[in-house]
Amino acid sequence: MDIYQRIREEAYEANMALPRMGLVKFTFGNASAADRQRQVFAIKPSGVPYEELSPDKMVIVNFSGEKIAGHLRPSSDTLTHAVLYSHWPDIGGIVHTHSTFATAWAQALRSIPIYGTTHADHALIDIPCTPPMPDEWIRGNYEYQTGMQIIQYFQEKSLNYHEIPMVLVGSHAPFTWGETVSKAVYHSAILEEIAYMAYLTEQIHLGGRNAGQPPRLKPALIQKHYERKHGSQAYYGQQMPDEA
Amino acid sequence: MDIYQRIREEAYEANMALPRMGLVKFTFGNASAADRQRQVFAIKPSGVPYEELSPDKMVIVNFSGEKIAGHLRPSSDTLTHAVLYSHWPDIGGIVHTHSTFATAWAQALRSIPIYGTTHADHALIDIPCTPPMPDEWIRGNYEYQTGMQIIQYFQEKSLNYHEIPMVLVGSHAPFTWGETVSKAVYHSAILEEIAYMAYLTEQIHLGGRNAGQPPRLKPALIQKHYERKHGSQAYYGQQMPDEA
Amino acid sequence: MDIYQRIREEAYEANMALPRMGLVKFTFGNASAADRQRQVFAIKPSGVPYEELSPDKMVIVNFSGEKIAGHLRPSSDTLTHAVLYSHWPDIGGIVHTHSTFATAWAQALRSIPIYGTTHADHALIDIPCTPPMPDEWIRGNYEYQTGMQIIQYFQEKSLNYHEIPMVLVGSHAPFTWGETVSKAVYHSAILEEIAYMAYLTEQIHLGGRNAGQPPRLKPALIQKHYERKHGSQAYYGQQMPDEA
Amino acid sequence: MDIYQRIREEAYEANMALPRMGLVKFTFGNASAADRQRQVFAIKPSGVPYEELSPDKMVIVNFSGEKIAGHLRPSSDTLTHAVLYSHWPDIGGIVHTHSTFATAWAQALRSIPIYGTTHADHALIDIPCTPPMPDEWIRGNYEYQTGMQIIQYFQEKSLNYHEIPMVLVGSHAPFTWGETVSKAVYHSAILEEIAYMAYLTEQIHLGGRNAGQPPRLKPALIQKHYERKHGSQAYYGQQMPDEA
């Protein structure tokens, strides 16, 4: 029995979910699942079509980004995953997509303003977008630097990766994470919907010939919606807060 | 035989229709069906994935919002449903979604202007959007206040819940209702289409470099379209007006 | 053997194609097929869900709009169809939809400018949009007047119903026609795509911060594309011009 | 055994992929596959519905545009394909579509600015859009001139058809190509996604009330993303650069 079987299967299922949910076209995305005890993760091989994937084709990589097991070359974004796993102890899965609306915000170099409760149900603040990366980082160890830029951006802005499980890498596309890779997939889908709705909100504001941007959601409403799903007194879902 | 079987099945069918019709993603929505004689309704349990639902998992709640039967916790929006049922005697079903276009109008805090006959076929006026809720309501019994805000808004603006079976809760998302929950589902789908078309109408107006907003539909045309479907001399469909 | 069997079947197939092609939601549309020798047409019954339709439920109506055969009430738009059949001798089928993009142009009261060859492949001019109808027409025999408005608008503007097999009824939605009802369905689908592309063309023009509207297609290119499909020297498709 | 069997099958598969991938409606598109040794290509017959196609219905044409084998008339765009094959020795397949977003950019007569890494993964520069064609070319041998305009535009602008395997023909629609027709199909799908994202990027820029257009992608990032997929040191996919 392969000791990596669990993460191989989780990573496989997550990767297969991405095109099915319309979040990934062709090979533009990757998901990984971590085994925190062994300090390794299973990730999609690079450039292999989704229909040819299987759990045993997932590549096992350690948190320094070195291949541990597998015949194929891991995703070209592997080092970004490794950096996030090695810096953030509570994440068990990471997803990268080029989903259409989230990517368009990243290309516009804009954070996604918090305009409604659908957003507040999942994040307390605007979805952050990192600034363009300095040229020396791009020309150097690019995928490693992409991970480091995310980590440093969260530190500088005092963002909490538990509270905001998603980021737009400016000019590029989103990364999301979660306790498990299936939560990371969920966050990718949520992000795409939030990005779509925020885009429409601004267009509808323009269509009504209103000045400026739409107002952000009231702090009391942000707090309420986030707390009812994620707070210590959460009452959404079937688990009592003390069970969560 | 369970005395709540009819409403359990109606609520179940309505909840299952929502993701199939593209109106709800994940668990972002809920439908309820009322038994007006017993003053109770069946509603979706909170946070349970649609694929795991069944009629017997629907939760039975009275019009004060108290659980009467069922093992699961009801939808977190249950009190909003309860308030609407207790104030409006002629509704037998309620639906809440975060459907993309309707939610974007709610996030933009705009009522949807009546621009065409597709709108007039279903409502005589702009689809109302409530203003942002005061902070004390949000921090208090939020879901109850959401229902009360809708009731009060309809009273203040002299809106008739028979003539306008839908509302946008500002910053949040739509609620719709009807004589039966299947009509409420239909109204959610119609609202989404009206919201989509009104958004496009304004964008096309902008694209033609026209000033201001597009003109609203002529009163005579509003009257004509609404009456031919809903008036005392209605001639749409197969029922004669006196049969309706 | 029912003498109306051919038009019943053609009308049935056309009506069923509309929701399948995404052109009609619920019961918002209708298609009819004419038997020009008998001066009658088969049309969808009013307000009957598509899944309950069958050829024998089609209603047979003459060109004055009187029901000739069938148990059900015909579409509420029947008189509009009758007027078009009685005025235009060469059409064998008519389709009415509320397809999203075409309807949005109708609601914006704008004709669709001819911006590209996809448009020119099917029509030589802008897709016409009729102005708002006078109140007395609306309050009178509305559906008859809708047909008359289309006929008169084409006369006034010297439009040729062979060359432009589609119209937007202002504030309402499109009607299309053709030699056969299956061609009328095709024209509805083409119109929706032309409406979508023209909307995007103007938005992309705006996004590039260009003044005014995009330029219309060059006359030489309009002529070329229309002629290669429809002209006396057409070379698109498998029929030689003399066979067409 | 038909000596053209390979290209018949490749062209057939590519043509069938276009509607399945949502890139072509009705008969608005065509794909061809070349046999460079025999200097011929297989192309879709003109105006034949996709469901009636088969490999043996593909028409065999030489690089001067003359039919070599086949009972049907070839696509009306055949001469455009012939011109591209005869001028560019390294292409083995060509695709023409009227895909919605790419066509809208062509109708707006705008090249698609390079706004993000999804674009840079496939092309180093803006997706070029040719200017409106002179009237004498349109009235002359139009499809031949369409091909010549593409060739000349690439020469004038010093564009490399290996590095930018796609073009928007102004007012008309896109053409793409590749070493094989299946790569040309892939490029058509990529182009549509790039066109969609660039449109959204500009709209999101507008929605944020920013002046001008969004900034183009940094040269270092363009270089990095293009090189990691296509450069001599490429590390995307499973082939080592020296195997590529």
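Read from first to last, the chains carry the letters A, B, C and D; within each, the first residue is number 1.
Just so it is clear, a residue touches a chain if its C-beta (ideal position, glycine included) is under 8 Å from a C-beta of that chain, and two chains touch if they have at least 3 such contacts.
No experiment lies behind these values; they were computed from the predicted model shown.
Seen as a C-alpha superposition, subunit B sits on subunit D after a turn of 180°, to the nearest 5.
Distance from subunit B peaks, on a Cα-centroid basis, for D. Here subunit C and subunit D face each other with different sets of residues for the most part; under half of the interface numbers are shared between them.
Chain centres here are Cα averages; for subunit B and subunit D they lie 46 Å apart. One finds 33 Å separating the Cα centroids of subunit A and subunit D. Among all residues of subunit B, those that touch two or more other chains are 202-203, 205-206.
Every pair of chains meeting the contact definition is listed here: A-B, A-D, B-C, C-D. For subunit D in complex with subunit C, the touching residues are 25-26, 28, 45-48, 72-73, 76, 98, 100-101, 103-110, 132-133, 135, 138-139, 142, 171-173, 199, 202-203, 205-206, 212-213. Contacts from subunit C toward subunit D in the complex involve residues 115-118, 121, 186, 189-190, 193, 196-198, 200-209, 214-215, 217-218, 220-221, 224, 228, 235-238.
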